[in-house]
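Per-chain numbering from 1; labels A, B, C, D and E assigned in written order.
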Amino acid sequence: MNHKKLAVAVTAALAMQFGVPAWAEVKIGINVPLTGFAAADGKSALDGAKLAVADANAKGGINGEKIELVIYDDQASPKEAAPAATKLIEKDKVVAGVSGSYSASTRAAAPLFQAAKVPYVVAYSIHPDVTLAGNYVFRTATMGEVQGRAGAKLSSTLGKKNVVLITLKNDFGQALAAGYKEAAPKFGVKIINEYEYGIRDRQFGALISKVKSDNPELIYASGYYFTAGPLVNQLRAAGITVPVIGQEGYDSEKFIEIAGAASEGTLVTTSLDRDSDSPVTQAFLKEFRAATNAGADMVAASTFTATSIAIEGLKKTGGKGGEALRKAIETGTFSTPIGKLTFNDLHEVNKDVQVQIVKGKAFHRHSVISDPVLLAPPTKAK
Amino acid sequence: MEYEISLATTMAISVLFALSLNLITGFCGQISLGHAAFLGVGAYTAGMLAKAGVPFLLTLPLAMLVAGALGVIVGFASLRVRADFLAITTMGVGFLFVGIVRQQDALGGEMGISAIPDSGMSKLVFMLFAVAMAAAAALLSAYVRRCWMGRVFSAIAEDEDTVRVMGIDVPRFKLTAFALGTALAGLAGALYAQHLKFIAPDSFGFIESITVLSMVVVGGIGSVIGVTVSAAVLSVLPSWFQVIGTYKLLVYGGLLFLMMRFSPGGMAALVKRIFHPDRWGAK
Amino acid sequence: MSAQMSPLLSVGAVTVQFDGVTAISDVSFDVNQGELLGLIGPNGAGKTTMLRVITGVVRQTSGSVRLEGRSLEGLPTHLRIRRGLALSQQIVRPFRDMSVIDNVALAAGADKTVSPVKALLHTGRERELKIGRDLLSRLGIERHADESPQIQPMGILKRLELARALALAPKLLLLDEPLAGLNSKEARLLADTITEINRSGTTVVMIEHNLGEVLRICHRLVVLDNGEKIAEGEPEAVMNNATVRAAYLGSGAAAATQATAGDQHAEA
Amino acid sequence: MLRLEGLSCGYGLFRAVSELDLNVPRGTITGLIGPNGAGKSSTLMCIAGHVDLQAGQVMFDEHDIGGLPATERVRRGIAIAPEGRRLFKDLSVEDNLRVGGMIHKADLFKADLEYVLSLFPRLGERLGSLAATLSGGEQQMLSIGRALMARPKLIMIDELSLGLMPKMVDLCYDALLRLKQDGMTILLVEQNTDRVLSVADQVCVLESGRTVWSGTAADARKDPELAAAYLGLR
Amino acid sequence: MLFVELIAQGLIQGSIYALIALGLTLVYGLLRILHVAHAAFFTLGGYIGVMVANQTGSLAAAIVAAMIIAGIGGILVFRLCYQPILHQPPFVPLIASIGLYIAAEELFRIIFGPSGLSYKYAFLQDQVVLFGFLRFKLAEIAVMLGSAVIIGVLSLLQTRTRIGVACQATVSDPQMAESFGISLQKVGDINFFVGSALAAFAGVMVSVLNNMVEPTMGSVPSYKALAIIVLGGLGSVRGTLAAALVLGVVESFGTIYLGHYLDRNAIAFAFLILVLMWRPQGLFART
């Protein structure tokens, strides 16, 4: 794997040095966190993107031209993402960009793609500002606030009234909490307490003692699998048996592996439905496992989706980027592993929220939240 | 050209930032493991002001003022604790800054501040402006070295008790070093905010503090030229290292270690050793 | 002229305790204008502590220190120095990153280092370098001016330490064992230099173990033992004092000392 | 037993002692005297292996030990009671003595401890106390005792009487004489010249890193010039 | 009741901190180096623990293997990395150590992958109820008891054995210790071995608690442990122990009652700064 990555990067660098003509291949750029604290998600994202490119190339590429993925590590940091984006645009002359990274780095990169008029498809970073950068930026993920609202609805569907929020203190967690708090009153859900934790925290003993004394009916806990795994495990170990609702950050087999038996019954609002009938979804799940020998997670599915959308758009324009590509993506309907997607005027996706439950050491469909009003992403008007 | 311009801007800001720490640590001998906090103070001050409609050029002195004022407060800590204790105290200041900003909704909390209004300068002009600021900081550093303040600083760095019995008000000079250094860091922060147009608490954390300290130490602590060169090189190293992709931090960390292990005086000493081998051969 | 009347430095009933242990107990003495006073006593008698009380490094538990009639109470070290004290430390501590002359020039620039603003606004130091060179040549080490202190033998460093203190143009020069580590010839030469400094108007208080030189050059002695003042007065009288001899010299050597001391003093 | 030949030593570029010659015969007490900063302590620390030997030789038992690390020198039979005593302050008196005997087997400890306690009965009462809590005199006893635990052939003692009450000084000097009777060789640095001359077989006067006089204690007393310049005035 | 629970949780966290910080103190006491890379042995311990346990099915084997390998690694770091730069100004070993830590963290990621590893078997995951209301995971009890036992045994060894006394003497005055035949290098070896082994033990225990090891798991301990040894008065073993437990409890209460104002790190460091301004030598330093 790493050698392949190295080879790609070296080729990219050499191509840059010796000025290989740009028409030989269609270049798509991607920024992912390959080093630093977010490296695990970066790897998933990159695997997803590579799979999308490999799929497309196997089917003949774009007008017979091969697609090349130019990969830069952004360490999930704005400081690294900005030069990476500039380099993609200017040196590598990519026709489209994909963000396989977190919000901080994506927010730094998006205005640069916008300014250069290079369409930029954002996979899973959920900060509202991302698409506000302009009309060349698209997002395939459900925004944090939207998912939070879905979480509130799910809580009431489960018939639970008194909820404790355990919020990951970063933009992802805060956006989720904001959405949840916004929608909770509508569904008669009462937030009896909220706690915050940091992304490096793995020990939640003190927090859990307090949660226990709050005696909630349900816990809405934001996080990534690496924080949620220990959190859910420790919640259960402390004898707290009430349902836990998580989000797409949980959506990885690693979550089940880490939380172990404690993960059983955890609910997750996400974009990927493993029990979907959709052939696209099933094909993706199968191919991903074949390519990486691991189960796909939400990050991989989203980045696969984002990359595929860029490729689909390019197919329509015959490999041309710029405004043509923007329009093609804007107006297209895309069949993806996370459902049929269209973009609204702010280039956010309209889609249902999937609820998955951990059952028998795997994610399975629990329900689908389909509520166009509640789940409406922000539009230009708003 | 945009890419080169962007890199050059990054370099200039890093040089400015590293020189600001060099004033405190290199010249005056007060180690700081939390210097990124002042970059952050400058960036947030400038960012908030710009969003409030204050013109870019006016945000700069204000950012310097706020950062410098906070710097003096932290400087008071240096009067109370020394050496390793000071290192850890300043590290704590860094964590405290990030921790506080995180919880301030007014400062964008965890989400940070984005869409900072443009300076109105073109990228090229902004780059030239940043380079000019870095050059000014380098000149200031060189001047401080040569004036009486620099002499007092290096004496304090070596033996502050003896400086005291020479009738010199050590605390005031230390505070001055902190004020100057942190104000320059504030300026770097203001430029940083304008360059990236997006700031978030994590950009000013421990890692950034360590990075800037390593720039100073690798350059050769106290050496203006050495620090300038090392900050310029180290700041774009990760971008150059894109070629080695996933190995880049490994190489970065390794280089840092090897530099200290085999040339503890940093690049300045390394260069000296290469060009004046006899001077070292004697030892 | 009135300064001649009142003492330059007046130490009044100073007591110092560290963690309940009394290091100095109720010691009083005056230093007159123009005097060369020797502060002597066996190791551990409290001499260096006394010096530290005067410079403000150590705070006395009770008692007072006055310079030119003004109390130094509560003043930090650097302000006491600015009032006219200067200290030459026992263990020489030159700034090793600076040349010999730079060390002295830094001290000579007291008016430029009085505040950070002044220090920032001044670069030139021709005057200070000149003062430095004059002092170095007065102390006979001008040929080492541009060398690093790191390679200098003790004799040079002792003189550098003294030059640095003199560069502050003090009214009262405090010397902590200036002759320690020097051989008899060097010690004699430096002692002569100290006399000369004193003659040219600087009042000197000197802690010194080299009794030969102390007796030769000091005008007056204060003797401490176990933190208490046990004698004060003309050198000869002090050295003949039975208490001093018992506590300080050891019984056997006293006779020999007495004779020698007498000789030395007569010589001077 | 110990012979220094043209010994020069110091720290880095600084030279504390120049070309010192000194012979310490077996079973004697040799006094090393001179003013502050004359290089006496540096000489002892150089023999112990802590100050850089810059030139010359340190011969011990007819072997040149100048290049050996400090850890090896104590095994050859040189122990030191250094300036300022430098006890292990956080350790008990007993543990300080234990460290002193570290190079020997544990089962020798008891016998050696008894010997030290017979010299300094006072330490026996304080075995469990932390070294930091001892009085000055007790600390000096412990410092000497610690050195003796190494079963040395030569013991070097720096500033034996410094800061001690006269009674304590007497006790320590009595112990020295007993050690000499027991066959120990002693190299003593002392400011209290009178005391040294009362016990030493020979003395060496250092000044500014050089030997200015050496000979028997009796001769030293007789030499009026020496007495005037270096001894009597102490 | 909540009060007691919070204290108990604070002590669990504190004993993990103590295990890690203890090694740092041993190194600082001897060499005066802020050994940031120490946290790499915590991570290394976690990885070895998971791998050996998954291979052998025995947690005991995993702990022993982790401690021994990390201990040997510690000796190597001492000899190859620190010994040559001991005489440099303090920031030189500090930066070297930071470089070393960054490189180590990356090495873990490259070798073991970025997403971390988990145990195949459920070790110590059972629950224990004490006094009717205090509920712990077995692993939590094991951490507390394990730390107490290890630290107790260590302090016994330190005071009751010749080697322990020799180590203490060396920390107190390295030169004099050498003068009595104690080799600085050997004591350094022992300190690095013991310190790194303790960190590895903590790493295994934390990996069991979280059922996860990841390349970045040492990053919080890397600076938190520095804060603790400073709080404890730099180089004082007892001070470090006390500071670790105090900090654990402060964080435990802080995250609950101050969590909305400051995050966990900020709470810890705010506490540190307050203490240092009040006592610049740390909480438990000897005067």
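Quick note on the criterion: a contact is a pair of C-beta atoms (placed from the backbone, for glycine too) under 8 Å apart; a residue touches a chain by one contact, two chains touch by 3 or more.
Note that the coordinates shown come from a computational prediction; the quantities given were computed from them, not determined experimentally.
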Query = Counting one step per pair of touching chains, how few steps separate chain D from chain E?
reply = 1
Key: Touching chain B and also chain C, the following chains   = none
Remark   = Per the C-alpha centroid definition, the whole-Å distance linking chain A and chain C comes out as 75
Request  = Measure off the straight-line distance from the CA centroid of chain B to the CA centroid of chain D, and report it in whole Å.
outcome  = 52
Query = In angstrom, rounded to a whole number, how far apart do the mean CA points of chain C and chain D lie?
reply = 32
Ask   = Of all residues in chain B, which are in touch with two or more distinct other chains?
value = 102, 246-247, 249
Ask   = Considering chain D alone, which of its residues make contact with at least two other chains?
value = none
Inquiry  = Touching at least two other chains at once: which residues of chain E meet that condition?
reply    = 106, 110, 260, 263, 265
Request  = Pull out all the chain pairs that touch, please.
outcome  = A-B, A-E, B-C, B-E, C-D, D-E
Task = Report the residues of chain E in contact with chain A in the complex, numbered from low to high.
result = 1-2, 5-6, 8-10, 12-13, 16, 106, 109-110, 113-116, 118, 122, 125, 127, 135-137, 140, 206, 209-212, 214-217, 219-220, 251-253, 255-256, 259-260, 263-265
Remark   = So, in the complex, the side of chain D touching chain E is made of residues 48-50, 69-71, 73-75, 79-80, 82, 86-91, 95-96, 98-100, 102-103, 106, 146, 150
Task = Spell out the residues on chain E that touch chain D in their complex, using ranges where they run on.
result = 159, 162, 165-166, 168-169, 172-173, 175-183
Remark   = Counting only contacts in the complex, chain D reaches chain C at residues 12-15, 35-38, 162-163, 191-195, 197-198, 207-208, 210, 212, 227-234
Key: List of chain C residues in touch with chain B within their complex   = 55, 57, 76-79, 81-82, 86-87, 89, 93, 95-98, 102, 106-107, 109-110, 112-116, 118-123, 125, 164, 168
